[in-house]
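Let me give you the structure first, and then I'll get to my questions.
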Amino acid sequence: MNTSIIIDNLLHPPVLFFFLGMIASFCKSDLKIPEPLPKLFSLYLLFAIGFHGGVELHKTGINHAVLVTLGAAILMAAIIPVYAFFILKIKLDAANAAAIAATYGSISAVTFITAITFLETSGMESGGYMVAALALMESPAIVIGIVLYKLFDKQVNKDESSASEPELHGFSWFKVLHEAFLNGSVLLITGSLFIGLVSGEKGWDTLSPFAKDIFKGMLSFFLLDMGIIAAKRIGDVKNTGIFLPAFSIIIPVVNACIGISIAKLIGLNMADALVFSVLCASASYIAVPAAMRMSIPDANPRLYIPMALAITLPFNSIVGIPLYFYLITLFWK
Amino acid sequence: MIKHRKKVEIVTDSAEIETVIELLDEIGVSGYTVIRDVIGKGGRGKRTGDEITDLLKNSYIMVICNDIEAHRIIEAITPIRKRFGGIFIVSDVVIITDNPPDNR
Amino acid sequence: MNTSIIIDNLLHPPVLFFFLGMIASFCKSDLKIPEPLPKLFSLYLLFAIGFHGGVELHKTGINHAVLVTLGAAILMAAIIPVYAFFILKIKLDAANAAAIAATYGSISAVTFITAITFLETSGMESGGYMVAALALMESPAIVIGIVLYKLFDKQVNKDESSASEPELHGFSWFKVLHEAFLNGSVLLITGSLFIGLVSGEKGWDTLSPFAKDIFKGMLSFFLLDMGIIAAKRIGDVKNTGIFLPAFSIIIPVVNACIGISIAKLIGLNMADALVFSVLCASASYIAVPAAMRMSIPDANPRLYIPMALAITLPFNSIVGIPLYFYLITLFWK
Amino acid sequence: MIKHRKKVEIVTDSAEIETVIELLDEIGVSGYTVIRDVIGKGGRGKRTGDEITDLLKNSYIMVICNDIEAHRIIEAITPIRKRFGGIFIVSDVVIITDNPPDNR
Amino acid sequence: MIKHRKKVEIVTDSAEIETVIELLDEIGVSGYTVIRDVIGKGGRGKRTGDEITDLLKNSYIMVICNDIEAHRIIEAITPIRKRFGGIFIVSDVVIITDNPPDNR
Amino acid sequence: MNTSIIIDNLLHPPVLFFFLGMIASFCKSDLKIPEPLPKLFSLYLLFAIGFHGGVELHKTGINHAVLVTLGAAILMAAIIPVYAFFILKIKLDAANAAAIAATYGSISAVTFITAITFLETSGMESGGYMVAALALMESPAIVIGIVLYKLFDKQVNKDESSASEPELHGFSWFKVLHEAFLNGSVLLITGSLFIGLVSGEKGWDTLSPFAKDIFKGMLSFFLLDMGIIAAKRIGDVKNTGIFLPAFSIIIPVVNACIGISIAKLIGLNMADALVFSVLCASASYIAVPAAMRMSIPDANPRLYIPMALAITLPFNSIVGIPLYFYLITLFWK
């Protein structure tokens, strides 16, 4: 495995800004990006990814191969939380296990972007429909996670909950599905994808200076902020023993390997295979935590957020992506 | 004109604010004031906001109401407090008022 | 009338983002652009429109035709509130009638941009002095609205007001004129226009990547937010009967028709005529509401804001502009 | 050193805050604290802010003052409350103080 | 369950908030709520914030605590107040509570 | 001295936006850029200056001449506060003298940018290592200022302070050095410089649309805000007599002259000499005030902020830069 790939990946300015953020945080510098500016950057990224993907999808069209890929994406998003849940249940209660499982079933847009950039550096490009895969993989894990929680938590304290606080535990599937499929980030990326699809290359000419030219700069700022926050959050997992940190590194690799196998099976090219495996490997720190907070309030956000943000995200960005790519080059030869 | 009232103050998860407001609307209090995204510390540790996930944020609600409403608020909100934590404060105040404002 | 024009207009990405915002709001998604980010977009738009217009004006110079156009613009901004007021007085009290009349006498920068974009799609371009017209049309309606209110409200409750609260009803013309002509949005667009005028093409080279290239992207975000808010506000007018919604659709068309006639009269070309009629047809939801809140506090913002924002703006953007253009093609043949 | 004071709290239109502050300065209170852009509900319906027009926003002002000043505030602000709505609360507090801070 | 408590409110320099929070953590109060970047006027003139330098900003802290803690806060914070100004308010409230929330 | 240079400098759009801000403030318009948007612009500027400088430094490399320049920069940053302090002590107490001295020893990034732009208009370019000089000159003055304060304040009230409040006056050098060298703005510009240095021209290709193309637009918005605030702050110095305003104009000229002499001595070219003298002449209104507030709380921010922001910044931007350049053209002939 060529280490120069890893180094190239690390020297990419946006990634360096992530490290700058981490350093700032470790040095206890007062460097910070005050709210709601981080929201500006994350809204922008969702918009730009979605729109760009939509335009690309407009070019390729929605053919059979695309549909198969999207089907595989949804499948993975639904399966990952199931096995992740049972692994986690070894050490954790149902609430935390379900929330973390959902986190790892869903995806991280930033890791997706890092993979795309990694491909660019190697002169490759993945299909626009991978953005559709990204959008489709955000929500199912939320639903699966909640189902698992309901199944395995009910058995324990069934009587108690149904007696004392009926109206609150009177859990609403409507609310859950609403939160899963219509939360802000899912809607923005899906909507932008759709707008890109509809407006095609004419729309791209209109928006590309905004959606593409300044993209890396906005990403750099977003990653600077992510670095600051990730470094702050690392402390939260430090005191939980070795199980969760280990999980945060091993499960992405497992997910990526399964993803690579499926990618091979359905005949994706190398670029698409990398992106697919990265989607499987990545963990959500935006849509899922927001949904979990409302649906499984007994789960501790100080576990699932830092795992996804402070361990899995940097691991995937630095080691994971080159590793998965290396595996793919072996398989696809 | 001076009236004696209760001032009920609640600090809880920003995510729960919608629920609290619904409860207040049901109870039928005449009004409330909300300050979003305050930070703090309590039984569940420090909550200094997290810009990326929008979690770990508190909101502050203040309700001026009469004794009966205050009791109903306390009762209605107890399950939320049990589940999501937060702090619930009651004190005595007077409000200066006259006929309700007639415009709008 | 060619319906493909309407469709082209609708498929323009920024307009689609407006719809995305409306959909998000109707679905009760938590998608929102947190404050003060919408301010960033609106400040940017005022800056970019003003600066661009100033540079264009630098090219054409301020000749006789320009002065006639600007005179006509001011005239329209002063007349519209008068007849609008008397129509509104049929159903409303003086305060609300005056505030709504002022709203419709003033202009909406977003509708202006939509018209410019519409022209671009058809390969036409309006003169830079139309931005000066835009800037000049913002304020007069505020003053006229307040004059009407003073005239027709005093008669009703003259004695009462002068007795009980002298210092508050001790209305200050200084404050009103200050608010009308020096409020933030008027000053920014006028100032930017002036800076564009002074710095000319050299200045344009300096700023065009910022003021022009990313313009459509910033507009998309602004419209996304406008869509979210417009959808929320629709509820406010729903309960007021048919009069106000009807007014919000009919009066723009009336204003546009008068605008078209005057444009023909003073010999504008088709592009300028469209922009002129659109300025007449559009209603303010930024400068005027802010001024009305301070000068006519008895008027209900829950009427004049949603009328301008939730009905007239979408109507003009979707149906109005193509319609006015169609009428102009008929007349100018 | 402990002193007994009144705490006057006002929630009203953000647009009126300048006027309220001018009144407080005229009355000559020793200080005040303002929290901008709080949201809420009252007699004039929900006021959750409107980013585009900058209207429908409330601000909160707190003034610690003596009884006489409290009365003068109430008197001075009554016309504003009548016109623009809002809520005006008075309660008793003690403040911890000593000689006024000598730096600046 | 109802408990009688002190409500200690502090408005001081945003730059000093960290120090105040450290003191509170040392004293061991059960919690506090902070509202950042409030504006105001006091002995040191108007403090309406300065976006460029991030100075001239106040923060508001509210602590619900028992009488002994209240005294310790007052003592601990006096040097800061002397040096950086600000206002320190104490009042009586009741809080509604039961067993501390057991989740997390 | 060619006055057309001054006028060209003034007609540059970003500078005009500074004046627009001042006008808005003087007219008491409600035009304002709400927080934290100004932070967005200032973070952006630090990022863009740092990154650009780093890339330039990558091109030239770090040679002997560069090191000499950087050494001279640090020297100036350390000497200026010393003589400034003794001048100020004539009229002020140690606390205020030290804080103001530190302010003038440090630098202003905006004045730096104005100088760069001024050079551009004249078709010249300074070396990328001048950004490194900028970064290195931010912090030393803070340390020197505090040392001076400690030396000259202790003598006066030594006994009192050591008795009554040991833990607070128990001053921590760690905290001071931390604040001086790791405050947000120093870290961001240094970090960006370093990232630029590491990623070189490849990185520049990635980020230049963001870091360069929209730079002047972001600068315009930042200066608009600076204008608004500077105008508000002018009132603060008005009531302090003639000494401080005079100081705010004379000391920059003195510093610039010393800077020019040293530049000549170490053999800088004209462009670098201008930038070097401007760095010496400029005064900090970001990093230093923040540090002074914590380390010398007895100094009055209502003195040192407006001096730097409302007098020295406009003076340098309008009169100073052309003047220093004129002097340089005389010397370098």
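Just so it is clear, A, B, C, D, E and F label the chains in written order, and each chain counts residues from 1 on its own.
In this text, a residue touches a chain if its C-beta (ideal position, glycine included) is under 8 Å from a C-beta of that chain, and two chains touch if they have at least 3 such contacts.
Here the structure is a predicted model, which is why all the values come from computation and not from measurement.
Peer 1: Trace the shortest sequence of touching chains from subunit A to subunit D and report its length in steps.
Peer 2: The fewest touching-chain steps linking subunit A to subunit D number 2.
Peer 1: What is the chain whose Cα centre is as far as it gets from that of subunit D?
Peer 2: Of all chains, A has its centre farthest from that of subunit D.
Peer 1: Going by the touch criterion at the top, tell me which pair is linked by more C-beta contacts: E-F or C-F.
Peer 2: Of the two interfaces, E-F and C-F, more C-beta pairs touch across C-F.
Peer 1: Tell me the rotation angle, 0 to 180 degrees, that brings the C-alpha atoms of subunit A onto subunit F, to the nearest 5.
Peer 2: The two chains, subunit A and subunit F, differ by a rotation of 120 degrees.
Peer 1: Find the geometric centre of each of subunit B and subunit E from their Cα atoms only, then give the gap between the two centres in Å, rounded to an integer.
Peer 2: 19
Peer 1: Where the CA atoms of subunit B average out and where those of subunit C average out, how many Å apart are those spots?
Peer 2: 39
Peer 1: In subunit F, which residues are in touch with two or more of the other chains?
Peer 2: Those would be 33, 35-36, 39-40, 209, 213-214, 290, 297, 302.
Peer 1: Where does subunit B touch two or more other chains at once, residue-wise?
Peer 2: In subunit B, residues 35, 45, 82-84, 91, 103-104 touch at least two other chains, as defined above.
Peer 1: Can you list the subunit C residues touching subunit F in their complex?
Peer 2: Residue positions touching the partner: 35-36, 39-40, 43-44, 47, 51, 178, 182-185, 187-188, 191-192, 195, 198-199, 203, 206-207, 209-211, 213-214, 290.
Peer 1: Sort out for me which residues of subunit B touch subunit D in the complex.
Peer 2: 5, 7, 21, 25, 30-36, 64, 91-98, 100-101, 103-104
Peer 1: How about subunit D: which of its residues touch subunit B in the complex?
Peer 2: So the residues of subunit D in touch with subunit B come to 9, 11, 35, 38-45, 58, 60, 74, 78, 81-85, 87-91.
Peer 1: Tell me, which parts of subunit A touch subunit F in their complex?
Peer 2: For this pair, the touching residues of subunit A are 11-13, 16-17, 20, 23-24, 27-37, 40, 209, 213-218, 220-221.
Peer 1: Using the touch definition up top, name the residues of subunit D that touch subunit C in the complex.
Peer 2: Subunit D residues touching subunit C: 13, 15, 37, 45, 49-56, 79-80, 82-84.
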